[in-house]
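Letters A, B and C mark the chains as written, and numbering starts fresh at 1 in each.
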Amino acid sequence: MSDSSSERAAVPVLAAEDLTVRFGRRTALANVAIAVPRGRVVSVIGPSGGGKTTLLRAFNRLNELTPGVATTGTVRFNGVDLHGDEVDPVEVRRRIGMVFQQATLFPRSIFDNVAFGPRAGGYGGDLLELVEEVLDAVGLWSEVAEDPDRPAMQLSAGQQQRLCIARTLALRPEVLLLDEPTSALDPAATARIESLIHALRGDYTIVLATHGRRQAARLSDFTAYLAGGELIEYGPTEALFTNPRDRRTESYLTGRIA
Amino acid sequence: MTAARMPLSGRRAREPADRLARPVFLACAVLTAGIVVAVVGVLVLETARFFGVVSPVRFFTETSWTPFAEDPRFGILPLLAATAQITAGAAVFAVPAGLMTAVYLEHYAGVRTERMMAAVTMALAAVPTVVFGYLALTLVTPLLQRLRPGTEAFNGLAACLAVGFMILPTVVVLTRSALRSVPAALMETGLALGATRGRVVARVLIPSAAPGIMAAVLLAMARAAGETMIVTLAAGNQAQLTWSPLEGIRTLTAFIALSSLGDAPSGTVRYGAFFAVSAVLFAVTWGLHATGRFLMSRRRAESAA
Amino acid sequence: MRGAKRHRDRIGTACAVMTAVVAAAFLAMAAVLVVRAWGAVGPGFLFDPSSRVADRAGIGPALAGTLWLAVLTAAFAFPVGVGTAVYLEEYAPRTGLAAVVGGAVANLAGVPSVVYGVAGLALFVRGMGMGPTLLAGGCTLAALALPTVIVTARTAIRAVPRGLREAAFSLGATRWQVVRGQVLPAAAPGIVTGSCAAFTRAAGEAAPLLVLGAVSFMTFAPRTPADPLTSLPTQVFAWSARSQQDFAAVAAGAGVALLLLLLAMNLVARAVHRRVQGVSP
């Protein structure tokens, strides 16, 4: 972190401009403009189907895997257009890691799950060391150290989600996109993930899509409210929660919109 | 985290397997497409050449099929009629038997019977048709001759029975899946209203599953129409128009298989006749098959809605 | 719901009787084959060459021919079929030419086998000058099995959860790494089962080989794919056609041998299925 804070503020890690995503006739995102500052946690809140997942998937070019998708506008990563001709989507996804709502583990061992990304990228270092390091970072190493070769499916739901985060950390990404990582978990497991997110802030830029208004308030520096594919409001979390500028944001925060 | 400021480095050279994968898979698909085009193309081309010599009108209207005679006749009606007789006859046996077996297995049988019959059905489906042909000729026909002394050594009835037995697994398996797609609540409602199981089956379940059962019948009939070895061995080689199931007949498939096609010189009218007959057979089975598949896909669409 | 009363109504009884008739017919069929075959099986039946005398006839060349055909069919149809399925599911756009090819292939699965014989005669035996050889037979049976292999492989690939693919992509895998590392291992059991069923079915086919010009009288076992086309199913056919002349028993013997061979192929398929299933989870 040798950069000066002014420079950091000047170039956001991720910046979308006029971003529109359509699936067939359905418009999932409409003219969204948002800038994600480096090293901060940005949460994206809003009702289901409001475009949270689509926005996250636009940040690492996953949407284009869905047949019939059409994306217009730009997304810049460190100032470079993600959809530029010279950009390799594989590299984009390695630099901008993603964790899904449902823990989608590979039907392999714990070790193989973490090693998949590094192996795919031709990692030259000590794989065992890397796996231990990232499992330790998510607090899982002490729980699985005696047998990391057992099937990953044997882990509890909360452990599985932490394994998914570890798997993404093993790519050494700059950005973590977390798509409702706790919505399928019980309160105890949710608390562990939340403290993990808290611990990872600063080292990583984190974009967190969440259903939980309180979770957004607890964890994030900035909050975006997304509904009907539109970015209704975006600003510092405290300001948005205490003094929303838009009536729709206010309705949502006070629970008048589910 | 100094690395964090690195801009995207641009397209990276992939390992060879990565670059080769797409063209290799594409080559497989192109080869498949080539085979499809070649199979269909050769049928179309040779048939077209045949129709350049023999008029299609006479082909489809004349009632005499004598391709090896001095003055050959190419009227396909006797062959088509024989195929229709075998297909319909096989369905007459297979549809009631298959439907009743499917109903029994779905709604009455215990677990053990069900498992045993599932194994029988699978075994039956795996038997090569030439074995059914052997049994039709050497087992069914002698039995028929004992029952009706006038029965010819080659006859349509024995072939119908054997083809019916051959397509039975198709009817059973597809009918069962059609019956299973009817919501179980219907049966329970019917029983709760005091109807017997049999009444609910006959009045509610079979009518609701009718499109699926119809699809099962059509797909089974497509197989029957295309079946070659049973009719070649048991139904005989007389290209004649007859209503009697106890006489010998010759189907489209039996003509193709029996006429030692391997010897017919390329380019002759006789050689072309095989392709014309194959094209007709292709059209008949494709029609049955496509209609069956259409009914099945509509059923799926309905149950999804 | 399945209580003791389930047989009490008339429709149920009728259906039970019909099911019993079907089972009995199956058992009778198997019994007749085995009893008749028993008389034909001498010490050298499996290995002896064909003979004009029923008592001395064996299935050596025919058996070797069918083994060759099964290997050739699998060697051609498996890689091409699975490759096509992967291309259509993972690489090709969902519309346009690829969709047309996919639809045509699905329809070809219903075309009678004898039609493939006619096409194979024109394309392989005559067109490519292979003559009536095992190679031509293998190519024809491969063309016959190909649609089934493709359709079952596509079904198996489509059943792989989308989340698995997306997780792999989001971990920076290339499409090939996703296919090799996740999709194919997860789909392997389905692909193997479906393909083996297609090959077993093809190995039992007589009609297309008859059209290609299969021989039923061979004094030596084929040693290369360029040897004359002979097979167990066409042997059963040839002997059945001469059942009046004492060949009924050897025809049954060859038929039982064919059934046992197909059964063995099925068992091998199951063993492979269990292995691939054991490896992937």
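Just so it is clear, a contact is a pair of C-beta atoms (placed from the backbone, for glycine too) under 8 Å apart; a residue touches a chain by one contact, two chains touch by 3 or more.
Everything numeric here is computed off the predicted structure, so don't read it as measured data.
Looking at B-C and A-C, the interface holding more C-beta pairs in contact is that of B-C. Using CA-based centroids throughout, the chain positioned farthest away from chain C is A. Taking the mean of the C-alpha atoms as each chain's centre, chain A and chain B sit 53 Å apart.
Once the centre of each chain is set as its mean CA position, chain B and chain C turn out to be 16 Å apart.
Chain geometry summary: the mean Cα position of chain A and that of chain C are 49 Å apart.
For chain A, the set of residues that touch two or more other chains comprises 90-91.
Residue numbers of chain C whose C-beta contacts span two or more other chains: 174, 177. Shown for chain B are the residues in touch with two or more other chains, of which there are none.
On chain C, the positions that touch chain A within their shared complex are 93-94, 161, 163-174, 177, 181-182, 186, 280-281. Of all residues in chain A, those touching chain C in their complex are 60, 62, 65, 67-68, 90-91, 93-94, 97-98, 100, 102, 104-108, 116-117, 120-121, 151, 153, 164, 167-168, 171.
By the touch criterion given at the top, residues 14, 17-18, 21-22, 24-29, 31-33, 35-36, 38-39, 42-43, 46, 96-97, 100-101, 103-105, 107-110, 113, 116-117, 120, 123-124, 126-131, 133-135, 137-139, 165, 168, 187-188, 191, 196-199, 201-202, 219, 222, 225-229, 232-233, 253, 256-257, 260-263, 266, 274-275, 278, 281-282, 285-286, 289-290, 293 of chain B touch chain C in their complex. The touching residues of chain C, when paired with chain B in their complex, are 1-2, 6-12, 14-16, 18-19, 21-23, 25-26, 29, 32-33, 79-84, 86-88, 90-92, 98, 101, 104-108, 110-119, 121-123, 125-127, 132, 143, 146, 150, 174-177, 179-180, 200-201, 204-207, 210-214, 233-234, 236-237, 240-241, 243, 248, 251-252, 255, 258-259, 262-263, 266.
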